[in-house]
Structures are given as C-alpha cells and as structure tokens.
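In what follows, chain A forms one complex with chain B and a second complex with chain C.
And now, the complex of A and B:
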C-alpha cells in the first residue's frame, strides 16, 4: 500500500524526448491507468516507475520518498508483463516463489504463500507444470500470482491482457478489478485499450507522443475531454467533432452546423453563453458523444434536449442498439439509437441532441473551450 | 468442359507433361545415387573389410573377427582412445564454457559488437590444417612463444608442450578450442538474443542480481544450444584428423595419436587395411552413439511441433 507521485518526469533517448515532463499522482489504493496509442511513452513511464529505466529529469516519489536511484528490487513493487515473462525452465511453483527465494524467505513460508495465491487465482492444479504446458489464460494467472505473492506496495501491469483472446480478456479484466477491490493495493496499469481504462481505473492518464493530455477520473475524461485527441481516443465509436460556427440570435448564442441538404442547424449553447460572447462568428468544433444524439423516444430526462431533423446516410445495427451515420458540418457523425428505432438510410428523421453533454473545442489549438 | 479446371500438367500429354511430373525426381536422382553408393555403400564395404584378410590391398578373404582382435590388442589404439577421451572432454568442455562466457559478455549491448563478433568467429573460417600449422609455429620452442619470451630477456621461460609427450595432446586441445569457441559463441549469442527482455526485467524486479539471472534463468534456457554445441563439437573431436596431422603429426612418438590418425596410418602406411577398417567401424559406432539419440530427440521435438 503506497502513494505514488510522478513529478516533471522527462526521458530522453539521445536527442529524442520520449517523455516530456509528466506529472501524475496516485493516492493509496488507487487504480491508475496510463492509456494511449502505441509509442506514446506509457510503457517507458511504467518501466521508470519500476526502476527498469533511468530517469533523465524529474522525480518519482513513493510514500514521500524519492526513489529515482533505488534499485528495482528495493522498490517493493511487482510487475505483470505483456508477454507474462515467466521463467520457462521453472515449474509454476518455482516461478511464483522465485522472488521470495531471492529475498531469502524460508521454504515453509514460501510454500504457504504459494498455496494461498494459487488458491486465490485457482491455479492449484498447475503448480507442478512448466509455463510451456499452459494456455495463455493460465500463464496470465501465473504471472499475476508471481506478482501477488510478494504482497508489494504497488502493482504494475504492462498491457497484461493484450495477448488474450477477446472473451478471456473481458473475464480477466473483471478478475483484476475484483482483485483490486479485495486487496486495495495501489495499481499502475498500462493499456492501449480505452475500454480497459474506463472499466478499471479510478483515475486515467491519457498520453500521446510523450505528453500527458489529461489526467482525471474516468467519467470526467469521458464527459469533458481536455482536447480533441482525448475526445477521439476515449470512447467507441469516438466523440463526434462537428465543425460549426458560433452565431447569435434573439434566443442567445448558438452553434450553426451545415447539414447535407444545405440547411443550417442551430444548436442553442445557453449553458456557456457568457464565455462564448467573444467567439461569435468564429469556427468551433462541437463535441457530441454518439449517445448524445438519439431518437427522441430514448432521450435523457432532465437534460437540455434540442430536437433536430437530419438525413440518415447509413444505419449499423450492433445488437443492443443501432448506430446511424448522419452528415453534419461536413463530417460523418454517429448517433446511437435504440435497436427498435425505425430510421431508414436515405430518409430524414428526428433526433434528440443532449446539449448538456456537448463540449466545444477550438479548431486551432484543439483544446476544450 | 472438365479439362478447364484440371491442372495443366495433368492434361498436357506427351514428353513435356511427363517431364513436368518426373523432373524433380530426375534432378534428385544423381545425388541420391551418389550418397547411397559413396556413403552407405562404403560404410558397408569398410565394415566388410574389417572382417577380411586385407593387408596392403583389399582382400575379400574372410578373416572373421581377427582384425578386431588385433585392433584391441594394439597399445597405440588404446593410447589413441585415451587421447580422444582427453581431447573430447577438454575440447568440448572448454570450448562450450568459453563460448558461453564470450557470448554472455557480448550480449551486454557493447559498442562495436559486430566487429568483435567477427574477430571471434574468423578462426572457424580457417581449415584445421591452417590452424594446426600456425599453432605448430607458435608452440615450437625454437620459433614461437618460448623464443619470443627469451628474446624479451625472460630466459627462464619454458613452454615446450608440443615436444613433451605427456603434454602434447593439450596443445591439440588449445588449437581446437581456439578454432571452435568463436563458433560456439555465435550459437550461444543467437540463443541469448532470443531471450525475452521482459524475463530479465521480471527477474530483476524479483530481486535477482544479474549474475544470478544468468545462472538461474538464462543459462538453463540455453539447454537446446548446449545440446547442439555438444553434438557439433563431439563429432569434430571424434573425427579430428587434419588438426593433429598439421600440428604434431601424431607425435612425439604416438603421444597425440587419435583414432582417425591411427586409422589412416594403419590403412595407408602400415599396410593393414583390415585393422584400419576395424578402427573406422569403431569410430562410426561412437559417432552413431552420439548422433542417434540426438536425432531421435530432435525428430520427436519436431513431431511435437506439428501436433
């Protein structure tokens, strides 16, 4: 159990700046997820927290203590790797107990700890086997067992589920969440899968190209993305970023959006009117999640709803709901409707836009307004 | 209508079609025949000769087990076997350990690795004759290292193993190790490079020091490479002939005689083809004793992969 702070951490490989001053913190018992596309520096950051990579600038602090120059084995962390990194020449039992053996824990104690962890992860029957004889999911469990048995201050997970098939991935995701609820240990978890990030995290750090774009609670990141990158990366299908122009009429400030049939939709932006006064007649991007554009019957109660009429280009039934693609402001906007919705491609239909969920971005700086 | 979907080879009649089907077999046939006659045929021929009354020329007269009895009554044969035991153990052992050691050091991501690797690998490109000749000069007390030390003023220095009948076999070991350890190194380096970086990271988080990671985790992972290097070095040791001929000629006396040189001398200079053949058969049996279990385990492993 421990708190973690990352202060202005920079990593350079020669002239290349892999991490450009990252600031993060996780309180005791938090589940911190680092998410971003490959090459964004999230694994490098995790390796630096683990002590496997040196820190060019900045500080990493665990429980109030700077650990920049502390050897990985003395940081009291355990890590689960993407490839599981099991020792192929040892049995599952030896794999799990190797860390304790290196720390000179007596044999009876080791055996007891291995049995406890094996029971927790339901791998008692596999203890005498070698990693080569296990399936992917079983290896994953052994790798987790190896981390759990040490009872460390912080768990580090480096894309632990990305080598599993889709069904097993969902299962293990739940398992990891249960484990966290049960143990309450601080976890730092790296993934490129935004769904994993949303479901597991208590706080998410969205990274790209060595920069931290947003750091906050999952719902906050989902509802109020800091910039267009976060808006597009989190959520599937991603947030619609609809080009619009700020206009003003008797009812207040609104966003004017061109439709496919050369009409103009006016979406009232009354909630943010004051801050938009100086942007009248300038271009913005209106960010709307697919579920904020629905059929009028399934609109959210208590939200600011505005009904618009629009031409449907394509419909994509997914089972639980139906995605309808509309052309708004020159882009393809996705709306999420009930699966029983009767919209047809090529026909006009009414949509309820939840304006209380709308966020605006500056098209130049790509930051939220 | 049906001919449209058939393969052209099957529909085209005449010589061309026949050729298309038979060509691979025709191309492979000569090598196949050559191998059968000159490898397996001559193995059988040599085996027969080892039970014959051959002396200077092959003689088909049956002599029963007499040549084998003569072979096992010959003290030089025993000396050759003893030398083979020494050479085999030390050559395989030292070359493996040295190769693994060099590979481990090279695996530390050092600068100029490609250049250094080439230096260690080059001896393998030389023939054993060249290696033997060079080492003969270097070890010659009147020409090589000993003379060099004397010229530097260290007159008490003595290094005359090559002319000392108790030590001469170790000079063969030295030259052999020099030649082969680079190759062993290359094999181990390939193996070490295949080790997942994450395993090393996991072990260092687990609290193992670097030497411990190597000894406890990485070296055990090199098991298949230990096996391959044992097989490669083992058969080189058993059939080593040119190195000894170039380095010591089997001398002083017959101090560095090996089964291969013994066989050659019996067959071609002592006019004793039958005994020479008998020793050749013994060598074949020894090599087979190493190769057959190896091939068996390899083939079984391959089957495992296919399944």
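And now, the complex of A and C:
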C-alpha cells in the first residue's frame, strides 16, 4: 500500500520529447488509469514509475520518498506487461515464484505463496505447464499471479487486457476490479480503451502526445472534459461538438446554431449565463453527449430541457438503445434514444436536448470555457 | 502451378514428376560419388585397389585399413596411427566451440539488452571481423601466441579459434537477441534478477535454436580448419586435419589408398554426426531468427 506522486516528469529519447512535464498523484489504495491513444507515452510513464526507464527531468515520489535513483527491484512494485512477458522456459509455478526466488525467499514459503495466488486466480491446474501450453486468457492470469504473489506496494498494469478477445476482456476487467476491492492496493493501470478507464478508475489521467490533458475522477472527466480532445476521446460515441455563436435576447443567453435553411436554432444557456456575458457574439463549440439528445419521452427530469426538431439521417440500433445521427443545425450530431424509439431515417422528429449537461469550448484554444 | 488438370494424375503431370525425380537423383548421385568411392576404397585391400575398378564394390570387405589408420598409420615419421590427433581435435574443438559460443551469447546480450553508448559501432567493428581472411591474421597471431608462450599448443589453437569465431557467434546471437522481447528482460529486472541472473536464467534457456546453429557452425569450421592447425599446432598438438595431410603425404614406398581413405572418413565423421543429429534444428534455428523479428 502506498501513495504515488509524479512531479513535472519529462522524458526525452534523444531529441524526441515523449513526456512533456506530467503531474499526477495517486492516494493509497487508488486505482489510477492512464488513458490515451497509442504512442502518447503511457507505457513510458509506467516504466519510469517502475524504474525501468530513466527519468530525464522531474521526480517520482512513493510514500513521500523520491525514488528517481532507486533500483526497480527495490521499489517494491509488480508489473503486468502487455505481452505478459512470461518466461517461456519455466513452468507456471516457476514463473510465479521467480521473483521470490531471486529475493531468496525459502522454498516452503514460496510454494505456499504460489498456492495461495493460484487458488485466488483459479489456475491451480496449470502450475506444471509452460506458457506455450496456455491460452491467452490463462497466460493473462499467470501474469497477474506473478504480480500478485509479490504483494507489492503498487501494481502496475500495461494494457493487460488488450490481447484478449472482447468477451474475456470484459470478464477480466470485472475480476481486476474485484481484486482491487479485495486487496486495496494502489494500482496504476495503462490502457488505450476509454471504457476500461471509465469502469476501473478512481481517477483517470487522459494523455495525448506526451501531455496530460486532464486528471480527475471518471465522472468529472466524462461530464466536464477539459478540452475538445478529452471530449472526443472519452465516451463512445464521442461528445458532439457543435459550432455556435453566443447570442443574447429577451430570454437570456443562447447558443445560436446556423441551419441549412438559414434559420437559426437557439439553445438556451441560462444555466451558465453569468460566465458567458463577455462572450456574446463570439464563436463557441457546444459539447453535448449523445445521451443529452434524446427522444422527448425519455428526457431527464429536473434538467433544463429544450425541444428541437431535427432531420434524422441514420438510425443505428445497438440493442440496449438506439443511436440516431441527426442534423442539428448544419452539422451532424449523434443522439442516444431508447431502443423502442420510432424515429425513421429521412424523417423529421422532435428531440429533447438536456442543456444542463452542455459544456462549451473555445474553438481557438479548444479548452473548456 | 497453373496446369490445366482436368483428370487426376494426367499424363503430362506424371511425365513432369519422372523428369523432376530423374534430375534430382542424377545430382544426388554426383554428390554422393566421392563418398561412395571413399567408403569402398577404405574397405578394399591394397591389391584389389591396384587392380583398378575404382567404382566396383569390394570383393572381400574388411576394416583392416580402418584399424591401421587408427593405430598404426605413419603420421610423418611416427607410425602410431591417427587416434591421438583425432582426440587432439576434440580437445581443441570442444573448448573452442563452447567458449566462443558462450562469449558470443554474452556479447549478443550486452549489445542488445544492456545497450551502451556506441554499441552499434562496437557491433559494426565486430562484424568487420567476419570478413577478415584467415591468412591476414596468421603473422600477428603467431607473434601473440609467441608472447603468450602458447605456440604449438592446444590452448594456443583454442585461443586462435575463439578469437576468430567470436565475430560470427556474436553476429548470430546479437541478431537473435535483437528479436528477443525486451519485456521479458524488464520482467526479470522487476523480479529482482541481476545482470548475470537475467542472462543465465532467462535469456540463455530461451536460446536453444541459435545455440544449435552456432555450435554446428563453429564445430564444423573449427574441426575442418587446416590453416590455423598447420600454422600454430603442427607438432604433437596437431589436429586431425593436419595429421590427415601428413598421413597422405608421408612418403613410404607404397601409397596406401585404403588407409588414406579410412583416415579421411575418420576426419569427416564428427561433423557428419553433428549434422545428422542437429541438422533439423540448424534449419529451424536459422528460420526462427529470421521469422521472429
């Protein structure tokens, strides 16, 4: 159990700046997820926390102690690698106990620890096999076993589920979450999958091109993305970003959206009126999650709802609900409807837009207003 | 192939097969002919050999020539057979192969997994060694062996072969380890394995294919080497190849072709056995290195 702080961490590979000053922290027992598109520097950061990559600038602090120069084996961390990195020449048992063997733990103690972990992960039957004789899911479990058996201060996971098929991935996701609830150990988990990030994390760090865009609780990141990148990356389908102009009339402050037929669609922004006074007549992007645009019958109670009529272009039933691509003003937007919804492509229909969920972005800086 | 095959095993197809196999068998025979002549000659008596009929099988096959070659053939002035030189070759080849293979593996490990500044330049220089002809190193080698007091000894010859072979073994292992997943090394590091433990416990046990390739390559080269043997160990420490040359060139009154042939077969046997036993892995190892990356 431990807390972790990452302070202004920079990583350069020659002239390439892979990490550009990252600040993060995880309290004891937290599940911190680093998420971002591939190549954004997640693995590099994780390796630096583990001590496998050197730190160009900045500090990494565990339990209040700077560990920049502490050897990886002395940092008391265990890692699950994306490729699992099981030793092909050793049995599952040896794979799991290798770390203890290197640390000179006596054999009876090792055996006991291996059995405990094997039971926890239900891999008792596999102990005598070699990694080559295991399925992907089994290998994944063994890799977790190798980390768990060490009972470290911090667990590091580098895309542990990305090599599994979709069904197994969801199962293992739940198991990892259960495991965290049971053990309460601090976890740093790397993924490029925003759903994994949302489901597992207590806090999420969204990264791109070596920069940290936002660091916060999952719901906060989902509801109030710091910029348009986060808005687009988190959530599937992504947040709709609708260009508009701030206008003011008798009813208050509006987002005015130009439509194809030269009329203007006005969305009320009264909830945020105060902060928008000085932006009247300037351009903004209105961010609306698909579920904030829905059929009038399933609108949220107690929210600022505005009804608009739009042309439906495509409908995509997903099972639990139905996605409809519609023309909101001049541009396409995705809405999430009940699966029983009767909207038809090519027809106009009424939609309820939940304006209390709307977030506004500055189109120049791409930052949230 | 884009034959228009309407009926199974049509006439043209059979014809092609026959032609193909005839060509293959023809070339196989050409390649096998020398071996055939060697074996039957070694089983003949001198009288029978003198009678001609080079290609005919022996009338009365016996191993007299083999026995004589082993324990009584004249190597230079001494007539106690080639057995001693046969063992000389083993005493030289086994350590030389083992040491050069091991050091190649170690070099490969350092050059790929513990990269230091200038690793690529060091590797390029080592690689350069592969293209240096034997003859060029003869004089400097002789000087160095003289300094070390190892001239005309088996350890001296081992040193020469290790030095010369290192370029090749390093090349083999470096390329193999280049494709070896870094994550395994990182996992070992986190598990607390040190520099040598990682090498012994993780890298080397997963190197069988390339070890086989290297051992075969090194063993064949070192066992078959004549120039270094003749230059640096011509006396009592002479390897088999040098002894064979001396057997054949010893000017006694009669040319004992059967003894010469038996000696030559003795000299070729170890490499032959290595190929038969490990040849399968040889090809597989070459492929593994190629495909994995």
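The rule is short, and it goes like this: the second predicted complex is superposed on the first by the 364 of 369 C-alpha atoms of A that agree within 3 Å, B and C clash if a C-alpha of one lies under 4 Å from a C-alpha of the other, contacts with A are read in each partner's own complex, and residues count from 1 in each chain.
We adopt the following convention: contacts are C-beta pairs under 8 Å (C-beta built on N, C-alpha and C of every residue); 3 or more make two chains touch, one makes a residue touch a chain.
Note that the coordinates shown come from a computational prediction; the quantities given were computed from them, not determined experimentally.
> With everything superposed onto chain A, say whether chain B and chain C fit together or clash.
Once chain A is superposed (C-alpha atoms), there is a clash between chain B and chain C.
> Classify the contacts of A:284 with the two partner chains as first (chain B alone), second (chain C alone), both, or neither.
After superposing on A, A:284 lies clear of both chain B and chain C.
> May I ask you to decide whether A:179 touches chain B, chain C, both, or neither, giving the answer as first, second, both or neither?
neither
> Tell me which of chain B and chain C touches more residues of chain A.
Answer, by number of touched residues of chain A: B.
> Identify the partner contact of A:269: answer first if only chain B is touched, second if only chain C is, both if each is, neither if none is.
A:269 contacts neither chain B nor chain C.
> Quick one: classify A:201 as touching chain B (first), chain C (second), both or neither.
A:201: touches no partner chain.
> Could you tell me if A:230 is touching chain B, chain C, both of them or neither one (first, second, both, neither)?
neither
> A:89 contacts which: chain B (first), chain C (second), both, neither?
Both: A:89 reaches chain B and chain C.
> Going by the contact rule set out at the top, does A:72 touch chain B (first), chain C (second), both, or neither?
both
> Chain A residues touched by both chain B and chain C?
47, 50, 52, 72-73, 77-79, 81-83, 85, 87-89, 98-99, 102-103, 146
> Help me check something: in the complex, which residues belonging to chain C touch chain A?
181, 183-184, 186-193, 197, 201-202, 205-206
> Tell me, which parts of chain A touch chain B in their complex?
Of all residues in chain A, those touching chain B are 47, 50-52, 72-73, 77-79, 81-83, 85-90, 98-99, 102-103, 146, 150, 158.
> Which positions of chain B touch chain A when the two form their complex?
Checking each residue of chain B against chain A gives 196, 198-199, 201-208, 212, 216-217, 220-221, 223.
> Okay, in this complex, where on chain A does chain C touch?
Chain A reaches chain C through residues 47, 50, 52, 72-73, 77-79, 81-83, 85, 87-89, 98-99, 102-103, 146.
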